[in-house]
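Once you scroll down, you'll see the structures, which are given as structure tokens.
Shared between the two complexes below is chain A, which pairs with chain B and chain C, respectively.
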Partner chain A sequence: MNEQDQITTDPTKPAQRMRAGSMTISATPWIVAALVLIVLPMIFTNNSAITIMNQMAITIVFALAYNMLLGQGGMLSFGHAVYSGIGGFACMHIMNATEFFAVLPLPLLPIFGGLFGMGLAMIVGSFSTRSAGTVFAMISLGVGELIAASSIIIVAFFGGEEGISGDRTYSLPFFGIEFLKQIEVYYLISAWLMISTLLMYLFSRTPIGRMANAVRDNPERAEFLGYSARWVRFYSFIFSGFFAGIAGALFAINYEILTEENLNTTSSGVILLVTFLGGVGFFFGPILGAIVFTLVQTVLSLQTDLWAFYAGVLFVSTVMFFPGGLAGLIMMHVPAFKFGKARHLVLPYIRTLLPGLITILGLSALVEMIFHFRHAATGEDEMTLFWTTFDSHAVFPWIIAIVVTAAAFWITRRNVPGLVEAWHKANNFSGGRT
Partner chain B sequence: MELVLVNLIDGLVTGLLLFMLSAGLTLIFSMMGVLNFAHASFYMLGAYFAYQISLYMGFWVGLLVAPIIVGIAGAGVERYGLRRVHQYGHVPELIFTFGLALLIEELVQFIWGKNQMPFDIPEVLNFTAFAIAGNSIPAYKIFMIFISVAIFIGLLFVLTKTRVGMIIQAALSYPRTVEALGHNVPLIFMGVFGVGTALAGVAGAIAGPVLGTFPGMAFVLGSIVFVTIVIGGLGSLWGALVASLLIGWITTFAKSYNIRMEDILNGIGISTPEYLDDNIFRDLWTITSPQIADILPYILMVLILIFRPYGLLGKRDA
Partner chain C sequence: MNSSANSTPALAIENLHKSFGKAKIIRGVNLKIGKGERHAVIGPNGAGKSTLFNLITGRFPPTSGKVRLHGRDLAGLAPFQINRMGLSRSFQITNIFPKMSVFENVRCSLLWSKGYRYSFWNMVSRSQDLTDAADSILEQINLTARRDLPAGVLSYAEQRALEIGITIAGGANVIMLDEPTAGMSHSETDYIVELIRTVTEDKTLVMVEHDMGVVFGLADYISVLVYGEIIATGRPEEVRANPKVQEAYLGAALEAEH
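After this line comes the complex of A and B, so read on.
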């Protein structure tokens, strides 16, 4: 038996056993995360950075809630934005119910959003969780489309096309804080981010969370053990609805407006993309996915009109080549670290990834140039790319871009075997420590 | 009475168009057990390719060549994309086709831009075929009906009467046995995927001029196509036909007859509340059938899935 097996399965060393869906069972990551959340706005003080961080936190809560279904329960939902949307809309109505809202401290509002999301999940889950797989996916799609379409028809609750808006500052002041400033909202959202992440993590440790994994992997066997697969799915579904509702409520608090866009199929698709990109196999995967996607969305969309195209390419290549997502990619390196051989990977990585990065940048430069060539207004031949301005209709820039891309691609191809060899060496214990 | 006839024809056109998409989709599903989310995207590609070709060589060449290109693209997607993802399981496959749908939409916007393309009905077919009580029926609609019916008959003939069709049918149910008999099953799968997407391409090429060729056209039709094959029963060709026609007619009739919810509720004995403007159910009271025409298929699907998960004519649980 080599050491790798011992790390993962030795029952006599429970502390070393790899647990499905967990990073660690110590408190350290939570304290670090809380400290980071407290310190972050002191480093990035401007308002736009705080807006991005708020958006990130909301997406994290939503993606984690979604992963309770997809990653831990094996249920693929194409309409999960509905539950966060309903939670958000309900909170908006509470904000507008002046008398009730005046005696309600704002930090308690997300609980109501969660309860409404959970309520809807109870109704839908009562018939959709009978089976997982395609039927569940189809029902979720149908219900999602149904509610998104009704949101335009039922004006009294959803406010039609312009949506409904409210004012968070009418709530009961919370220890003198009225949540007028963006930074106060940031801390409120961060607190809820910590609370709901911790709760969702603890849920995955409870027997019901464990059974969700069992039902995902083998529903028949779980039934033989005496558990109803349907009820296990139902519980995962309603708790996922609860936390999605909390995400919706946080959205309502942050933006003070909700529209049909918050519950349509596009939003549901985005959250699937975020979760899968981060990695469904590990608890922290969706967190990574949410952070990376929000950055791509906000930062890249300022730079280029084609950001959705790049996001699509990234998504499809993730599904094709790294089904474990970013988290899976990171966790692949754990054995190498445990063997103390990770440093042997550094040089081959630099040799391969640096030209690889240049290849990708070169390709995207070519894509941008083609786009500019086809769609720019006539007469506007100048374009700026990577801090250089040139004429996209001249031949010279094209030659440079193609040559650089091809050369970088060639170097990458040449260095890949070296990386593969180094990888095998680093993950093979029998080679001995050097 | 005349209006009924006109609506029947309109619904038939919509239904047959849906059928051309759902036929390919349901074949692909019964073969690989995976719902192809990108199916409607191939329909969109068909429309765009046909448009691009029609600019240089006219409508008819476009109608002929575009589906072939789409079919080749589809076969390529199966060979180099789906087959690779297949090893990870069903959910990643579904997610892959979902991502592909997003990517194709972005790709189309990248190449052709966001605006609608001026893809028009060819001059030869741009006349009124006949009129029913003052409602003129364009010849193009009749043309669409003929093409779809011809394709359906051709498909049925190939699948049930020819040797190739027999092998395909056998490969759908018992791929291992067919493989053991010496047939190249992966190739059959690739071929069926290619033909299925080519059918979607045909639908796109003939629907592009009437429904508009724009980047959102896949999204508009995409989920309805799923609804169709779920209602009809996953994997059933006849079910797909019945469900397509059903949906075509339901939506057309709901749009052309203005049935108000108030009348229905009054009819079953519930009287309209006095102060409708303050009532929380006011939106329910003012609903009319054209308003909800587009969501009727979804309601139907959810009901079908709850009460008869096999679909109308399906034999197996999805």
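After this line comes the complex of A and C, so read on.
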């Protein structure tokens, strides 16, 4: 069944750009995803890779839950970490309730996290979902700050500054698995990733999920069709709270410790940025955002102390230049593929993206050099960048970096018109454009 | 006032007033609209016709007075509650879901009346009854060819047709249309008039309309609203002959037609 949505191919109107294509509920992507999840740890076998993948999966669940609000329901929350945090803390307490935990198989624990997230969302949602705009955003921020602040005061539940820790292995063994090994935890998290993603996707196809879109676009009209915009928002909100709670539970299982950091407004801000980076207009957007962000956060942070700076630049440029996010960028190309004209784009892309990439690397090299020049301990003038070691106080490396960056930038600029032209050519089936 | 005077009227408006700040916009409207009646509200620009619609449908609370739908007082009810009682309206300024597909627009307007409510255990695409009903509405409003386009890219006339489609989809028994043909060409208007006639068969229709051809072609009764007051109500020929109406409005409007 065809049931989507906008199509425009105009690269100058990213905001109006489309969700193209048909939306048959097909099993193929799910089977592929499951296979990838099964195979991944056989390719990346070392523990740190598995840790990264666990972190990624948890972020994906959280970002998808967040997008139930932002993308599908049009509600901007600045305090959503609270719901995953509550789910996580609740699970830590269940882990520490040894008698109960001893009869509970660990794979069932996330359900409790979800229920706690949902419970809190019911309380907050009962008054916050009255409107979707600034009022909702402000309430979410206020509640977020409030609960983050009480986490330091209510030590019994939140454990104060040390947080709460526990031991997942005290649970009832699950078919003999005690979850001592990282890989066992990986498969547990992956299973929950699949289940949660599927359920959230199915939610978007239900009557209430469709009405969430309708209320997002035009709450007043929805009211004249028999739906209370407030109740529609409330349902989206509590389901989002449920899946956020699952993400929190998975965090608890993976790290066996929760602290204030899990529910403070910084974490809430990060999940907003992750979701936006991936693209709020498409179901799979937050998945991309979570993957890219986790890679930046883990892999890039091993390479440079400035990773947060780069992440910030990435977010700002997404918001400014690609408001459709990564998913929007990808889906922009669907029409060209559909009409078999995508190959016209390959060469122009290489011509601009390759020098563009060199420009970005050059700029980041300059940033690193400035940072090293200003902050390295006296006497430590040597630095290593792109497998080259040099003296950051000498003039020559600076000249090279500046010249390479400028040249790459110049080539990029010169090739952009060609790309724009190719883009128009590849998309001119809609007529009227030359 | 009409043939079904002894049964409960579909809509009864009693001494309705509405002020925005100091401006008195609706100034004591009394009106009964019988079941199955096609009732046109006409009047000059700014007379308060849309405001009257907004008061009836719960968009604004009245300053004083009552509105009854099938005898039930609507005071304090929200638009969605009034809609669930079987009243559906369209808007003078097109009010659709521009980012959703045309099909999806219609399907969303069917959901409540088909009993899906806040269901999160049905899949809309698996519900053949929904798909069929939505497609047949699209057929009726001549938008089948536009089915999968975002509603926002339709032409003005197509959006107006969709507006009507959304309004009638839920099968409400009282339909209120605010200037359904405004801005349409002659042939589009003829088509929409026929459509309105078919879909409101056996239903109560209340309609604001400036096109006198449409009014006299469709309406069983006409009320003339001038400056927040109804100055005449009756059969089309009575209203046409009414000297007060001639003076206040209709003379000018009929002349403008020709």
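Before moving on, here are some points about what is shown:
What we mean here is this: the second predicted complex is superposed on the first by the 405 of 434 C-alpha atoms of A that agree within 3 Å, B and C clash if a C-alpha of one lies under 4 Å from a C-alpha of the other, contacts with A are read in each partner's own complex, and residues count from 1 in each chain.
Here is the rule we use: contacts are C-beta pairs under 8 Å (C-beta built on N, C-alpha and C of every residue); 3 or more make two chains touch, one makes a residue touch a chain.
Model, not experiment: these values are computed from the prediction.
Once the two complexes are laid over each other on the shared chain, residue contacts for A:Arg221 go to chain C alone; chain B is not touched. Listed in rising order, the residues of chain A touching chain B in the complex are 70, 74, 76, 78, 127, 131, 133-135, 137-139, 141-143, 145-146, 149-150, 153-157, 265, 269, 272-273, 276, 306, 308-309, 312-313, 315-316, 319-320, 323, 367, 371, 374-375. Residues 57, 59, 78-80, 83-84, 88-89, 95-101, 103-104, 107-109, 111-113, 116-125, 131, 147-150, 152-153, 166, 170 of chain C are the ones that touch chain A when the two sit in their complex. Against chain A, the residues of chain B that register as touching in their complex are 35, 81, 84-85, 88, 90-92, 94-96, 98-100, 102-103, 106-107, 109-111, 113, 223, 226-227, 230, 234, 280, 282-284, 287, 291-292, 294-295, 298-299, 301-302, 305-306, 309, 317-318.
Every residue of chain A that touches chain C in the complex is listed here, in rising order: 1-8, 18, 23, 25, 202-203, 205-211, 213-214, 217-218, 220-228, 231-232, 235, 239.
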